[in-house]
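Naming follows writing order (A, B, C and D), and every chain is counted from residue 1.
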Amino acid sequence: MKTLYKTFAAIVLITFSVYDAKKEEAPEKKKLSSEIQSRKSYWPNGAQLVISVSMQFETGGQPEGAESPFSGNPLPKGNPDMPAESWFRYGAKEGVYRMLDLWKKHNIYVTSHVVGEAAIKYPEVARAIANGGHEIAAHGIAWKDQWNLSYKDELNFIKKGIDTVEAITGKRGRGYNANWLRRGPNTLKVLQELDFLYHIDDLSRDEPFITKVRGKNFVVMPYTLRNNDIVNIEGKHWSPNQHLAQLKMEFDQLYKEGATKRRMMSISMHDRIGGTPAVVNAVDQFIQYAKKHKGVVFMRKDEIANMVKNDPNTPEDNSEFKFNN
Amino acid sequence: MKTLYKTFAAIVLITFSVYDAKKEEAPEKKKLSSEIQSRKSYWPNGAQLVISVSMQFETGGQPEGAESPFSGNPLPKGNPDMPAESWFRYGAKEGVYRMLDLWKKHNIYVTSHVVGEAAIKYPEVARAIANGGHEIAAHGIAWKDQWNLSYKDELNFIKKGIDTVEAITGKRGRGYNANWLRRGPNTLKVLQELDFLYHIDDLSRDEPFITKVRGKNFVVMPYTLRNNDIVNIEGKHWSPNQHLAQLKMEFDQLYKEGATKRRMMSISMHDRIGGTPAVVNAVDQFIQYAKKHKGVVFMRKDEIANMVKNDPNTPEDNSEFKFNN
Amino acid sequence: MKTLYKTFAAIVLITFSVYDAKKEEAPEKKKLSSEIQSRKSYWPNGAQLVISVSMQFETGGQPEGAESPFSGNPLPKGNPDMPAESWFRYGAKEGVYRMLDLWKKHNIYVTSHVVGEAAIKYPEVARAIANGGHEIAAHGIAWKDQWNLSYKDELNFIKKGIDTVEAITGKRGRGYNANWLRRGPNTLKVLQELDFLYHIDDLSRDEPFITKVRGKNFVVMPYTLRNNDIVNIEGKHWSPNQHLAQLKMEFDQLYKEGATKRRMMSISMHDRIGGTPAVVNAVDQFIQYAKKHKGVVFMRKDEIANMVKNDPNTPEDNSEFKFNN
Amino acid sequence: MKTLYKTFAAIVLITFSVYDAKKEEAPEKKKLSSEIQSRKSYWPNGAQLVISVSMQFETGGQPEGAESPFSGNPLPKGNPDMPAESWFRYGAKEGVYRMLDLWKKHNIYVTSHVVGEAAIKYPEVARAIANGGHEIAAHGIAWKDQWNLSYKDELNFIKKGIDTVEAITGKRGRGYNANWLRRGPNTLKVLQELDFLYHIDDLSRDEPFITKVRGKNFVVMPYTLRNNDIVNIEGKHWSPNQHLAQLKMEFDQLYKEGATKRRMMSISMHDRIGGTPAVVNAVDQFIQYAKKHKGVVFMRKDEIANMVKNDPNTPEDNSEFKFNN
């Protein structure tokens, strides 16, 4: 529909013909839009709000000049940026372990998006995550762009990642997160071919939905840049009490909405950022706050995806139809 | 007067002649400046403070690379930015509906500035706004610059927008908001020719005022970048509790001033930003706070414009005389 | 001494000769540094803390593309930036009047740095400030760089400003503030020739001090970018409650120090920024807070300068000796 | 190991061979990683948390255009930036003295990283620090890059710094901090040759650790950009109450962890930033808060380094083996 609409809009602009509402087809086809549908849908397990945490393990895979407090002032290519490298190492030396202690303290299981090269460099960290009962999800073999790869190269890039991480942890990723969320037009088809269950690189909803890929159901788990420590990647202008306020105010609204529709809250933490003491402190306080509310459940994304994949109440959204058909 | 002054100042600068206060005419002509005038003016309806919310519906009309958390790191032109597109979609899938629920909860009617192409892509969203009793205002046919258009092209650009949105919603816009507030020298004349009642792209006052366009009254509704979620378009460095503090502290001051002069508070929310859970939570708390005060009224901008257009207490300001005569 | 030292340091660097502390002369010459001196000095009037507010009146004098929420995304030179112009106008239509009401409410007199062209464009605003009993200080004839002017041109630039503002307000400025604090090597000599009493474009101390200009005393009033609304010129990332926290925490420390040494707190507000409702609300709350403390005095900078100019307890600092001798 | 791994990863990428976990050697070699080791290690003195403050004294050594509120808008090279120079001077005229008063008030001894040229320009400041019983640590002879120097030039750069500062203060630095933390591949070897005990330009841990340099123990003291006033070098977007929240939330987490493992909190303040009234106020409140907790000790970094250098419980980390062997 989208394509048809775009063209139509174009004609409108050129000819200045009057827009004809009768020509609309999409609205009928959109019966499953969140507006109508999601108000009817609830969580199978009767939860009022499902919260899922993403814990990115990427450290060690970063290329020269990757985003950090130092990337605003980079060294000439080829010069080792020693403090920047040590800033990244924090994720493997302190960050992930601190977060694992937090999940254990609260008996929560999270989804960890693991970059292949990070697991190669710090296998003990990847295993500690897997041994903690957390989901090992995929994040590519390397920390690099994939939106510009051919179908074949992108498939190799992703397959190499899950093969490598499985060899190290014994777990095969079935959920995907692209570098900076930057997937390409072929990504969902590639993921389907590799038997993936879901991806998270979509910011359009506060609940999981189905999108058709080559006609079959593929799950899109909601992700967000809001409850995400990445907003503080430069390490300034975002104090931990602001982060706590963001989490609580977001929670309060979604929990309220959860009484009448299916709602999911996504939280994201990166090894070297979310794993710092003050952020873990903030998230610890948030979890204690959330747990005081009835019907709040923390789940891994693979569990959620399996739960909603064939649930008729799950909204379907084919906004990217032109890429996925 | 402005032009005369500019020239005068120029001469002053060159000749270093002594400035002669007697030569001043403007001050007399400025009897209606807010300083003198507005202290005498109150709201016809006896309200102490009028608050008007703008809800921009733009999603779907954005061009490639439009401002978003991804625009700081754009893809090469021509590559679909999948996560950025999904970030914009949030406005149509969640944002507007969440805000509509908020207005309904508080029985408030707002002004929605609708981009033509957004309504073409998501007609059900545009209709939901109109059916909620909210004002359908104009925001151009497309999300693009208009300050650089000829008079004729700008007229077509604006007319196409109201024709299109009217065909979809049944409502014809009579209030205007330019893309990034960036109107051109001809905009007000164009709006007058198209029978518009007011525009909002002026940040100079905290109350509506009259400006002469080809000698006839045209209403300028105050707008602001302060109580505006757009400050957080990058999605960082502005926590929802900061936004709530801004709204309350602004309100407290304007409400106090409202006891002795006409004051109006403008709040702006964009589908994909203001429609997120934490911001709606903040605005919900603000509305509850404001409603506890006597004489606080929430109104649509068209209602306000009709109320003040021919009120002798409304200040007149012809600062843009050279463009509008 | 500074120059001698610089050279010396240079030699050190090249020859790697051992630094010889015996060669030091500056330390002796620096007997009057704040370290030693200011601990002995108190305010003549026995105040524990003197607070002085600067209220910049600049609106109307801004050049195309001057800093504003729009300057990050400027229009091609020559195109009128209508919303940016209206954003500046706010200072003359609302901002200054709102601040004048605040000073009146608290019976405080402030120092207003008036740009000549701003007074030419809005003489009624300049007069309202003068008639309120506030100090009319100089800020140049125009809003433009002066650090790059010759001695003669800089003298004309400054003289034109005070002549013009005096013609409009009847008050002749004797305190100076350069555009963006950017004075040049000749500025203090020029100011002395024009019979100025002090300048504020120095951020090095929290108390006034004397610097020798051609051997005669010239007063330097402390200024700061900290308690300054200019930090929020872009209109984002700085909420009014943060501004209030900054003011209170700064005050608490300086007030405590005021018990044993001379301390002064400088606050700065610009017509179109500090004059907005939420900031005035914050400053109003701050003034109420400060006034609860014994020995807190609000003064105009000219009064302070006259008080300290010949006070032996006032520290002398000739850090810019090489420019001012 | 790192190099071996990198190559290995490279091969993996090209051949897409299956990753063979058996080939891993590093994990065994990593028995001393913080994960395993530090949970067994405590402070020799039985403290639950050791806090160490760094006070950078750099003012006077800055090159033209050094980072400041003015560096975003620099003057053409060669023009003296008078207000920027005065902003830096604040560190020597007020900042350091204010901080010294704070340490004295709380009977705390800190580590001061002194730039050689700063001590040459303000010897009385360097001596005041040394006379206060604080550690005089090294920060290079000048405020400039050293990551691009040859071994010999870097050795001269660092040696000149300690010789010069020792000549002025009588104290010889044995701890090092590079400009912007930007050391080069040779830095640790150079420091070892100059008999240094430790360096702080590593952000990877929250406790001190040993790294082998040419086979001998060298101490790495943890440093951080988190509890660091440098995040506010532009002087905006970071209010003092945010800084206090950061310090308290970081402390609460590290103190809790200190019950079961060795933890250290690093705080950094720069003369012209941390020495401002509101920041000193925040740190004063933080120290009072921390001191209410049992087992909290404030120490100089040289004391800590001596304590842990030969302690078998101190973790060893050779992540930079390829540079230091």
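General remarks:
Just so we're on the same page, a contact is a pair of C-beta atoms (placed from the backbone, for glycine too) under 8 Å apart; a residue touches a chain by one contact, two chains touch by 3 or more.
Every value quoted in this text rests on a predicted model; they were computed, and no experiment measured them.
Common neighbours of chain C and chain D under the contact definition above are absent.
Chain centres were defined as the mean of their Cα atoms; on that basis the chain farthest from chain A turns out to be C. Of all residue numbers seen at the chain B-chain C contact, under half occur in both copies; the interface is built from largely non-matching residues. The rotation relating chain A to chain D, fitted on Cα atoms, amounts to 90°, rounded to the nearest 5.
Centre-to-centre separation between chain B and chain C, using Cα means, comes to 35 Å. Spacing of chain A relative to chain C, judged by their CA centroids, is 49 angstrom. Shared contact sites, meaning residues of chain C that touch two or more other chains, fall at 237, 242. For chain A in complex with chain B, the touching residues are 2, 5, 8-9, 12-13, 16, 18-21, 24, 26-27, 30, 33-35, 147-148, 180-185, 187, 201-206, 225-226, 231-232, 237-238, 242-243, 245-246, 249-250, 252-254, 257, 317, 319-320, 323. By the touch rule above, chain D contacts chain C in their complex via residues 69, 73, 75, 79-83, 86-87, 89-90, 93-94, 97-98, 117, 120-121, 123-125, 128, 141-142, 156, 159-160, 163-164, 167-168, 235-237, 239-242, 276-278, 280-282, 284.
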